[in-house]
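What follows is a pair of complexes built around subunit A, which joins subunit B in one and subunit C in the other.
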Partner chain A sequence: MIWEVFRQEKPGDYHRHVGNVHAPDREMAKLFAQIQHARRMQTNSLWVVPQSEIGEVDPEDAAFGGRTDKSYRWAMTYNDIDASFAKEVEDSEAEQREAARTRREQLESEGDA
Partner chain B sequence: MDIEAVKDQAGPRQFGPNDDMPEEYRRAATRMIQFHANSEVMGGYLDKEFTRHAPSLDRKLANTAKVQDEIGHAQLLYRAAETLGVKTREEMLDELKNGEGKFLNCFHYPVDSWYEAPMIDFFVDGGAMRRQATLKSTSWTPYAHAMDKVCFEEGFHVKHGESILRELMRGSKATQERTQETFEEWWPRILQFFGPTNDESTHNDFAQEVGLKTTSNDELRNSFLNLYIPKAEKYGLEIPESPRVFERDDGTMAVREDDLDWEEFWTIAKNDYEGSHEQIGSRRRRQEAVAWVRESLDGWEGSAAGTSQAAD
Partner chain C sequence: MTAPEEPPAASLDRDDLTPERQVALEELLFRLADDEFVHAERLTEWQIFAPTIESDLALANVAQDEFGHARLWYDLLQELGYTEEECIWRRPADDWTHATLVERPFADDGWGDAVARTYLYDVAERLRLEALVDTSYAPLADRVGKALAEEEYHREHAVSWVERLASDGDARERLQAAVEDLFPHALSLWYPGEHEAEIRAAGLRRESLASMREEWIDTVIPTLEGYGLVVPEPDEVDRPEVRGRDGSHTDKWFDLYEAFTATHREVDFDRPARLRGEEA
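Let's turn to the complex of A and B:
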């Protein structure tokens, strides 16, 4: 049986997927996860989840974020408005800009493929 | 963990579902997150009115996207509240429906014109975003994680709201006057958004001591005034003479409390204002109208449970 492993580095962080292990049951999966995915790594907590319990949506199933123009959903669209007056608005726009950039790269690389 | 240990250890993202938190902490956090979640729902319902009034397709699309975001924020927050083990999502939604659930004062006033859009989408959302940014450092980790996603999206709301204000204040003289009138109506409500200055109530003290809140209402109102009064003035809005806003000796801004209608505020806090009944009632009727969707989902969940293996 395969168990997916999620590691949290510090308290308060997200648990991030780091890999998986073979194990006959949950207890063994926790033990193997510690050895394979937490040893020598900064770790605060580990989750193990049976692989069969994970549902996946991949690019074959869905065009993530859609393919139609939804520029009205992005802070950057309103570029006649200066976001820098409030740090939280500026930060939000920066996060959106980064998300849009990585998404554009993904779409371009799919276009190449 | 006892309450003294919680106060000692309190810090950003310090506690989570694996910690044995005292009842008092879990109740306070539930009260706060439930209020926040309810406000997202009621803000979303209020905001959807603007889709009808929006003057262009772009504005209608943006407004619809914003309403979707707000309802999504409510879902994140109800989940974060559920992790405290005090109330289920269903219980919280029932409380909102039957009028027990509390939510932000500004969402107790029904809206019926496009001029009101920037009052909510720029000033109220701007104030809310100030507050939400500080809550990324709340001590309850699932709440902080919800804030990461919420703040990611809110930048669009605030900028879009400002863009509407800018457009209106560049319109005809009549449009500018209507916007100014609407601003005067909303300004006192917006100032009350952060609660009374002098009433740092016991809830607030406790919430700060255990790290649920990191910034006082007074500090938030002060920073809001410093940022948003210049914005209002930039677009040609005049700040009404009353309620009086003044600078304190330390250079921070404050409001003369006596100029605000606290009776109305406390009536709203009890969900007993005329607008409260209207907003809660109209949401309840819409909820009832789509009960069949929820029921069919529940029916499906029941019938599908335990059959996933067989379906494979």
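Let's turn to the complex of A and C:
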């Protein structure tokens, strides 16, 4: 049986997926996860979850966001304005540029394939 | 006349050791260190052979911890004037005072043997570390906590395996055979050494071996029986002729000793590589 392991570094952090362990049951999974995924890393908490209990949605099931051209949403009117006076505006623009870039790369790599 | 009071916790340093106290302390430390070192040395034989990669890593981790504990105790001996060579690499095989439990090869290369052995050992180790928390020897007191913290995992690991093997017919039979084979050797953990009286008088350890043995028996027997295993009656066990603690050992120990000291002898280092501690 496979148990997915999630590790939280500090209190309040998200538990992040770090890998899995094979174990017959929850108790053994917790013991093995400590060694395999927390022995050398700063760790506040570990979760082990049976792999079969994880619900997954894959690209066949759904059209995920991030694949369509959203440039029409860009606030073009304010193009020449230095946005640094408002951090949230700057962040938002950076986020949109990043989304556009990864989308472009993804489409390009699919084109190569 | 009342017995003289034992020195209080962490009240003795190296300069406070009378010659009698020092030999007693050395006996105590060698027993601890040798047990840990030899136990770890045997456990490493499981590397790449344990039933799954997870159990392999877990047991390797236990072995590494035990080597680390051996490091703690051998270091204290080195502060008393021994060299690492004298403690380990060039120490005559029949000077070693570990219990015969930890030198045994794994019967039939069996995982049940490894599980039974770690369980019997780890329960004993907790008891004896707890009896050292308030030791009079300050440098020893400083180090007990670290070892105790790691033992918690070892015990949980061992008992979890006992529980699971015991719930399967074939595995339980092999576990049962291992318990019968190892139990008499495990009793050798509690044989007193020559300087036991001084160890207690100097407050180096706060419990007698007899009462720790009692507590160990009261823990391991009900636990193992609770999982459907049959444990030999301690007082009716055929005692092995060799006792480990007095330097007498089973033949397999001498093979193991040859194996782990071979490189050192062949290479003939001027200065031996040090057995590494956790933070080394």
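FYI, the second predicted complex is superposed on the first by the 94 of 113 C-alpha atoms of A that agree within 3 Å, B and C clash if a C-alpha of one lies under 4 Å from a C-alpha of the other, contacts with A are read in each partner's own complex, and residues count from 1 in each chain.
Note that a residue touches a chain if its C-beta (ideal position, glycine included) is under 8 Å from a C-beta of that chain, and two chains touch if they have at least 3 such contacts.
None of these values were measured; they are calculated from a predicted model.
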Touching partner for A:Arg39 - first (subunit B), second (subunit C), both, neither: second
First, second, both or neither for A:Glu27, with subunit B first and subunit C second: second
First (subunit B), second (subunit C), both or neither touched by A:Lys87: first
More subunit A residues in contact - subunit B or subunit C: B
Which superposed partner A:Asp61 touches (first subunit B, second subunit C, both, neither): neither
In the complex, subunit B residues that touch subunit A: 12-14, 16, 18, 58, 61-62, 65, 126, 129-130, 132-133, 141, 144-145, 151-156, 158-160, 162-163, 166, 227, 230-231
Parts of subunit C lying in touch with subunit A, wherever the complex brings them together: 52-55, 57-58, 61, 153, 156-157, 160, 164
Complex contact set, residues of subunit A against subunit B: 11-14, 45, 70, 72-75, 77-78, 80-81, 83, 85-93, 95-96, 99
Residue ranges of subunit A in contact with subunit C within the complex: 21-25, 27-28, 31-32, 34-36, 39
